Amino acid sequence: MYGWDVYLSGEIHTDWRERIEAGADEAGLDITFSAPVTDHEASDDCGVAILGQEDKPFWKDHKGAKLNAIRTRTLIEQADVVVVRFGDKYKQWNAAFDAGYAAALGKPLIVLHPQEHTHALKEVDAAALAVAETPEQVVEILRYVIAGELPGRARAAAE
Amino acid sequence: MYGWDVYLSGEIHTDWRERIEAGADEAGLDITFSAPVTDHEASDDCGVAILGQEDKPFWKDHKGAKLNAIRTRTLIEQADVVVVRFGDKYKQWNAAFDAGYAAALGKPLIVLHPQEHTHALKEVDAAALAVAETPEQVVEILRYVIAGELPGRARAAAE
Amino acid sequence: MYGWDVYLSGEIHTDWRERIEAGADEAGLDITFSAPVTDHEASDDCGVAILGQEDKPFWKDHKGAKLNAIRTRTLIEQADVVVVRFGDKYKQWNAAFDAGYAAALGKPLIVLHPQEHTHALKEVDAAALAVAETPEQVVEILRYVIAGELPGRARAAAE
Amino acid sequence: MYGWDVYLSGEIHTDWRERIEAGADEAGLDITFSAPVTDHEASDDCGVAILGQEDKPFWKDHKGAKLNAIRTRTLIEQADVVVVRFGDKYKQWNAAFDAGYAAALGKPLIVLHPQEHTHALKEVDAAALAVAETPEQVVEILRYVIAGELPGRARAAAE
Amino acid sequence: MYGWDVYLSGEIHTDWRERIEAGADEAGLDITFSAPVTDHEASDDCGVAILGQEDKPFWKDHKGAKLNAIRTRTLIEQADVVVVRFGDKYKQWNAAFDAGYAAALGKPLIVLHPQEHTHALKEVDAAALAVAETPEQVVEILRYVIAGELPGRARAAAE
Amino acid sequence: MYGWDVYLSGEIHTDWRERIEAGADEAGLDITFSAPVTDHEASDDCGVAILGQEDKPFWKDHKGAKLNAIRTRTLIEQADVVVVRFGDKYKQWNAAFDAGYAAALGKPLIVLHPQEHTHALKEVDAAALAVAETPEQVVEILRYVIAGELPGRARAAAE
Amino acid sequence: MYGWDVYLSGEIHTDWRERIEAGADEAGLDITFSAPVTDHEASDDCGVAILGQEDKPFWKDHKGAKLNAIRTRTLIEQADVVVVRFGDKYKQWNAAFDAGYAAALGKPLIVLHPQEHTHALKEVDAAALAVAETPEQVVEILRYVIAGELPGRARAAAE
Amino acid sequence: MYGWDVYLSGEIHTDWRERIEAGADEAGLDITFSAPVTDHEASDDCGVAILGQEDKPFWKDHKGAKLNAIRTRTLIEQADVVVVRFGDKYKQWNAAFDAGYAAALGKPLIVLHPQEHTHALKEVDAAALAVAETPEQVVEILRYVIAGELPGRARAAAE
């Protein structure tokens, strides 16, 4: 079995990425995780910090968002699996954008969100191969998909 | 010049589609517009209405969203240009999903939203070839792109 | 709205294709239906009838199946939507093959089969955007997807 | 010569995978084999075991089949060669689905089945580059294709 | 049924194209045939006739072959089916090149050649969905594939 | 023979497009020509004229160039053949950009430029299927490619 | 984080490549840089030096440019990010061609040029995800994109 | 610089492959060469030797050619550069087929043949980025393309 590349898109204000990475590590899975830059301030400022100030907020955002796109598109295209997390707050349109982008590329999509978003996210969920509510479920999915192991069972498949 | 196919994605509670279609018609542009099913209730109920009731809201949404996807993905893939509108209300994750989907397919993208969403939509705007605030601007863009005409000028280009 | 191309794959011993075509016609939908050659004997014999007899059944089948593939692959690739029907009898591996072929091409897939096949067809159903049990449901799906109309409701959407 | 990736799809109730892997190993071939999760029960239960119980068998199957699809599609897309085995029993529609999926992606396809299935599998065989009856023949094919060696001959080709 | 595009590649010294076109016409098939420029002298001279003389035969050939490629590649890519004819004489490497080009694009390929070329053309035949010996067989294939009709049988399939 | 789509990219200060279109018309060729907006001022101003003024020249250019890209990319992707003209003046980087864009899409490319640019355009010419010096040569190329006719010869090929 | 491949296209008369490579090295970034052959004379002469003299300058250039294309297209297609530099002198149409080629392949594009070229390069800049004026800015972009670090800030993101 | 994959297609009766491999080795180039099975007898017999005898020569050839296709298509698709050699004898249609296949995939193509075949191979040469007459020229091309070195010059480019 070769190593899998998993991209973790979306919400950046809780520790869901760390929990998935720790769980995968504990399960001994050979996964390389990648993600957007998760430092909110850096992500907002990168365009003007590197390429020069802008008077209008629109162009500041534009320059920054494009720099971030160099990273995110490259990593999504390289990923075997894309996980998109929607949290409790904010518009999170970039998360839904990433989900659409990954879906159009044919990437297997796992969506992670609290149950209360079910109706609002129904189009995103409809494009996914799994809809989870906790990071631990995502770890279990990755463990099953990569190693063939289910919770509470012995290793199901050598590979 | 051949006829253009333009898909109008997103918000379904105002008359922005009608305003674009009427403006394009008035400008004499040869455009075939398409859109998702814009009857909100039909769009929500279609899955269970046709394929049978579900106890859980998740599966009701799932069946419906997948039927809608037959339409939306087919029309987006067929479109020459995709316009995505974000309104004042609701999560509108399906609009952002469509934008990501269209971007990954390499479709020219026009985003239409009020200025107050600039920061929250910066990743979507960064993938667009135009960001407009009014349906009338979208008409002007289509008129220029298809017919080479600018507001307040005589016809600029034969095509 | 442009005309849709819908390919009807699978079982050839009942009148499900006729029922879908009649229903779509009655609903006034602009659909061009296509299908494999549904004359079982012709489909089996075409290879040797045109290109010369074979001693071994394998090569007779091989020559015939390849001629049929000229038709089926061309029409599947041209289709906007692929409907695959599994009936009560026979192995029907060609139907499942077509479903896989269409799925890999990213074609919206509608699967039509009796409930008793649910478990055996779970991988095929998982790749579909709709799973129906009757030809009439397929007509309703096409009517909703193309015309925005639901059973028992007035026309829901202009398109 | 680089290492080859070979995906072994289909029947999970006999030891055909082990025989191919052992034969390839004995022949000194540099092949990484992959496969679906071959623990039947785990494969059936994975969806509800990880993501929560379902009342309807359809949704239990649906959730499980989609998790399995994360694995199978990723591995098929990564494979250089796809081998699909049809056994004596069961519907095996997932095997035919995988064959169609691989064919549409342009993957070289080897089909492995008993002679009695020749007629029923003619469309699948017609898409294949080899049709074998025993796992040992598959090993010989891989040995020839990768190392240029034929049974009963000295090494035929350096590579 | 929509009209089919069939490209007729290869040998230009016999009337095989006319026989196929006449046969298809007689059978009432809706086919648009295309072909390379079949005037041998024009095909050889076109480069220097339009773009200026060359001293070296290599560059004369090069300029001409590239002009012809504008036509042949465009028409092959547009074709639903590609027929490649190998005759009795000449190297005919351009025919084999077209066959490889069409195969890599996934176009259904019909090869037409006398039996004596079977061994020399085995790689080309292996990529084809039909290998015929006479133009009349090609007409029968097209009639079956498009109209579902076999020789000596009533119309087999509506389409 | 179906109608061809030909995109005419590049220099906008001489009448080369008109000469090609007139020549093709005179030759009775069924070609739909397309082009960028050739009104220089409109092309420069379109972004700010429709979407609002900018203080910085960079953003004025940026908004305009993106609107133009909606047109040019759509038409290049739709074209069967792309002609790129380099004139005597200006940087003309957009022409070279279009040539690279068309080449990567696999579009047959005809480059039209005065001999003095041969060395500077060698990479562009190397990607082309024809390099012409006059619009009349482009007409002759199109006449030969589409109708099989050479200057000073009777019609060479039916098609 | 895996290693990134970055292609450095364009101007070959200043040390901008060395400055980017040194800066990336200093920042500890795992990047494999590639570039065209930057020895101007070798790049001009390679065709005739290897494949034989030509009388006409056009064919000397043609043979050389095609050899260079073997290298440049392979490396651009392999790159994760393409940087294109426009300097003060020369036509630099090959740089613009590379930019168009990379854009059509969907490669993230960084353009590097002095401010005075802003208007002439507006179409190229419009296709880019970043427009820089100094090699040091390109280093900062790569550092941010790959390592999540901004100038004057501590490391922003683990990856 | 990463290692290059070069596929050597075509003639199998002279030592041209060995001369290229030895030359590349001497030049210190990091190239992985691949090729079809070059044992003529094994290549002819492989199908029946592994999968069982056939009465008709056509099917013997067919089975063998398909096994060879598993190898050749996989290696061509994996190659960065494809070299196709035409020798003095035989039809060599498989070489021309490989050239067409590689061209349609967009692979850089180097054709190697004696001058006397120039006219007969003009369509193949027109699709190539280099046409050489000796294996040593192919080595020089690879050395220049990969290492930037020309004969009789010091190393021209670091890479």
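A, B, C, D, E, F, G and H label the chains in the order they appear, each numbered from 1.
In the analysis below, a contact is a pair of C-beta atoms (placed from the backbone, for glycine too) under 8 Å apart; a residue touches a chain by one contact, two chains touch by 3 or more.
All values reported here derive from a predicted model rather than from experimental measurement.
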Angle of the C-alpha superposing rotation, chain D to chain H, to the nearest 5 degrees: 90
Between G-H and C-D, the pair with more C-beta contacts: C-D
Inter-centroid spacing, chain G versus chain C (mean Cα positions, whole Å): 49
Separation of mean Cα positions, chain G and chain A [Å, integer]: 30
Inter-centroid spacing, chain D versus chain B (mean Cα positions, whole Å): 42
Residue numbers of chain C (touch at least two other chains): 66, 69, 131
Partner chain A, residues of chain D touching it in the complex: 5, 32, 34-35, 37-39, 42, 45-46, 49-51, 63, 66-67, 69-71, 73-74, 78
Interface residues, chain E side, partner chain C - complex: 1-2, 4, 80-81, 108, 110, 129-132, 137, 140-141, 144-146, 148, 150-153, 156-157, 159
Residues of chain E defined as touching chain H within the complex: 57-58, 61-62, 64-66, 68-69, 72, 86, 90-105, 117-127, 131
